[in-house]
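So that you can tell them apart, the chains are marked A, B and C in the order they are listed, and the count of residues begins at 1 in each.
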Amino acid sequence: MTSRRRFLAGAGGAALTALPLHAPVAAADEPPGTPMDGHGAAHAGGGGANGATFRGGAGVDHAANGFDPRTLLREFDYGTVTAENGRTVRSWEIHALDREIEVAPGVRFPAWTFNGSIPGPTLRATAGDLMRVRFVNDSEHPHTMHFHGIHPADMDGVPMVGRGIISPGEEFTYTFDAEPFGVHLYHCHVGPLAEHIARGMYGTFIVDPPGGRPEADEMIMVQHGFNTTFDGLGNQLYAVNGIPFVYMNDPIQVRRGGLVRIYLVNILEYDPINSFHLHGNFFDYYPTGTRLEPSEFTDTVIQAQGQRGICEIRFPYTGKYMFHAHKTEFADLGWMGFFDVVDGETT
Amino acid sequence: MTSRRRFLAGAGGAALTALPLHAPVAAADEPPGTPMDGHGAAHAGGGGANGATFRGGAGVDHAANGFDPRTLLREFDYGTVTAENGRTVRSWEIHALDREIEVAPGVRFPAWTFNGSIPGPTLRATAGDLMRVRFVNDSEHPHTMHFHGIHPADMDGVPMVGRGIISPGEEFTYTFDAEPFGVHLYHCHVGPLAEHIARGMYGTFIVDPPGGRPEADEMIMVQHGFNTTFDGLGNQLYAVNGIPFVYMNDPIQVRRGGLVRIYLVNILEYDPINSFHLHGNFFDYYPTGTRLEPSEFTDTVIQAQGQRGICEIRFPYTGKYMFHAHKTEFADLGWMGFFDVVDGETT
Amino acid sequence: MTSRRRFLAGAGGAALTALPLHAPVAAADEPPGTPMDGHGAAHAGGGGANGATFRGGAGVDHAANGFDPRTLLREFDYGTVTAENGRTVRSWEIHALDREIEVAPGVRFPAWTFNGSIPGPTLRATAGDLMRVRFVNDSEHPHTMHFHGIHPADMDGVPMVGRGIISPGEEFTYTFDAEPFGVHLYHCHVGPLAEHIARGMYGTFIVDPPGGRPEADEMIMVQHGFNTTFDGLGNQLYAVNGIPFVYMNDPIQVRRGGLVRIYLVNILEYDPINSFHLHGNFFDYYPTGTRLEPSEFTDTVIQAQGQRGICEIRFPYTGKYMFHAHKTEFADLGWMGFFDVVDGETT
């Protein structure tokens, strides 16, 4: 706790120097047209009244990371589709991969991943489809894929049930019906469990209701953190979709008046809860996405680890609207972004 | 964490002596007729089986503080009403003010406030009204007013969007439609955000549905805390409406059988959640107040920071009923009160 | 916090040696047919990829403890039934008892209990019954019984209201209507409150709706923890129904296709929230059990202390399905179990 808070109190920069950190605060050579170009005042970057952190700083090298949260946001992997006895079968191949990921400018995190990205790919099917996930463990550590969903015990991906742990170099194909419809998740279930999750082994899987949902600009947001000190006590960085502040530096463009649908998942390790707050607007909330009617109309929801839901939003006005955890510490350390609401087509 | 817990373990007194504290435990000269005059036994005040803290002790000087939670509880500020093009316009003037507030007997807290009270005034309008809030920064620190509600980006009160930060001596008028109906909040959104919230810069705003809600004895309860050590690690005191234990010393009188409506808001900083538990009774709960049908009938609700809702209660019996956080630490350190249910008129 | 985490990091064994602990990891003489007999590999017991703790180790001595979570799970105490003026009256006698309980293999905890078990007996009535609970304090400490439910102030079981504290050797009979229907709880409300709860003074009371609920395999799960170091900072062990991992060692048998109804209660002290996650399946959730229609269909729910609800499940497949807190630390330290879904009759 102390080390985490000291990190915060130090505005990010000081404490991070223990890591190979280059530029937690705004670099001098930053291009002038930053996404947060408000009235007056030079761009503040990290620290001070505009924000306690490096949120306005230089970005990470997405290409070197091998994934980019700006595209991952709207990527849904429907798998390879075949038919068996008149039934839709969707197949995926997922590899456990150990990868070093630049999670903040200059901060490289030795991650364990599904297919090299944090979060892993967003698998998507329709209720009643058969899902086949070939899992190949190319990591140096034992892993499994545990899916939240309805399936037989031997497809549950936990130690000592069914095939159990998949050792390095081994593989297993998880096969199960896509049910129930909703927004679910998958994660490794091997011990020490906290570390396997905290290292990055999680992703979303979505089961669409028969007939689908109304057309919308759809995106996923997986809430998580990075325990960069590996002390097992808490997180030094917070994010959605892998990189802290990525949607501060590059706001998510959405169209005024259009329906926006967020598949929101919380897999944050160590902290008891996470939350999602939208500025200037409200959303319909569908907990777990298992019903077609929303349970709540609000601007702030809470999620414990493993909880998830769908947020449906229409923006009546153009402009930039923050979204972030309404847990200040998480927001200050990376779990914060912007929607940029525009008229006409988005880029 | 350690310092906070040590404070608790020390029953309040010991740790607080670092502050100019007079009487955390019951003073000897306390008047005999205390509100907690149960059967037998002398009035225990702080410590022991009756409660771990100074909750039965002497009160604070509300007059010197400039606000009194016992009246603030039921104060709703409808603003100055005018009409423009047949539309109701409500106008307020809010000043950021640095104030020293006696938050517990002898404990003076250097607060940052909206209009001098913690929480700030409860602004109230009807859905569709136009709200105009002239915000004047008479504090020595930069501030904004960020409203939870639906409004254009340039009225959002965050750094680097629209007018952004309002510097000391400056002012800005936030203008927006009152929507959606429900119970919302406002708070400063300037960094370091945790401190700006923890210092006291928050309040409630209520948007009534067209036609209003059924007549009731209405009150607001804003849940928050005080980090009196300013270590940024947690709170040493917890409260609703500014002063710990104020409704223990002066129970809230309500009428048996009458409808009681609580606008419940959580803005507690540092801690992950807050909760509200009512003794001896149940309530209908309307999360965010955005619907006219309750979602739940219970005696305990959880709220993350920024969440809020409406509790509707009818008491079938007279007598004293506790309400408090069902987080023992918060209750022991101030977030606890009594309803006093009486027949006939309340005083 | 540090001591708790060190306990976790030490995989259970090392840190527990400060206590009179025999066998936190699997004993060599364990019978071969363990409940977790997965594919290949010797039974790993505690530690490593199969789980970070002593969860596969030897059990505690339930007979010496005087209660057994494997039977307590399905025990509902309907009291002694009489009739008065045509009304059903249910009477119970509850004794506060100080008991040393073996909470993990070799770890003896000096508990304070209701009738000698943790949790106390599950009291059960139908809405409209009159409940009479004769509470006899045979403990060396002052106590009360505070019920969550609707009742007059003098039956609330808090200090300084009505009879207030029941001193050692004294007794009091709490009399109140069984209302509203739902799943509620009772606990001691004497200060220091955190310790009185943490020591084990809690239990469930259920009020059935008129006409009851559909027939089901019913069980209670009371979520709690043990602060075995008595530092007041957190818990070293987590459990449902008294003994960590008891349903890992002895999975709960349920019948495929049958309706399973769990009365789920959270009374965990020190931690802000608890959660319940079911593997391989979903459940209907009824918060507080006060309505006959579920509010949510999910596999993960969050509960703050004092919250509770009903989970209704049907298992479509046979096999072993984990259930646990989706807070890894809690699961690793004991709050984890298995359902064993079988065809035909359960044993």
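Observations on the structure shown:
Quick note on the criterion: a residue touches a chain if its C-beta (ideal position, glycine included) is under 8 Å from a C-beta of that chain, and two chains touch if they have at least 3 such contacts.
All of these numbers come straight from a predicted model, not from anything done at the bench.
Where subunit A touches subunit B, under half of the residue numbers in use are shared by the two copies, so each contributes mostly different positions.
For the two copies, subunit B and subunit C, the CA superposition rotation is 120 degrees, given to the nearest 5. Separation between the centroids of subunit A and subunit B, computed from CA atoms only, is 34 Å. Residue positions of subunit A touching 2 or more other chains: 1, 272-273, 295, 302.
Residues 1-2, 5, 8-9, 36-41, 43-44, 47-52, 271-273, 275, 277, 279-282, 295-302, 316-322, 326-329, 331-332, 341 of subunit A are the ones touching subunit B in the complex.
Listed in rising order, the residues of subunit C touching subunit B in the complex are 1, 142, 146, 148-156, 158-165, 180, 182, 190-194, 197, 232-233, 269-270, 272-273, 287-288, 290-291, 295, 302-307.
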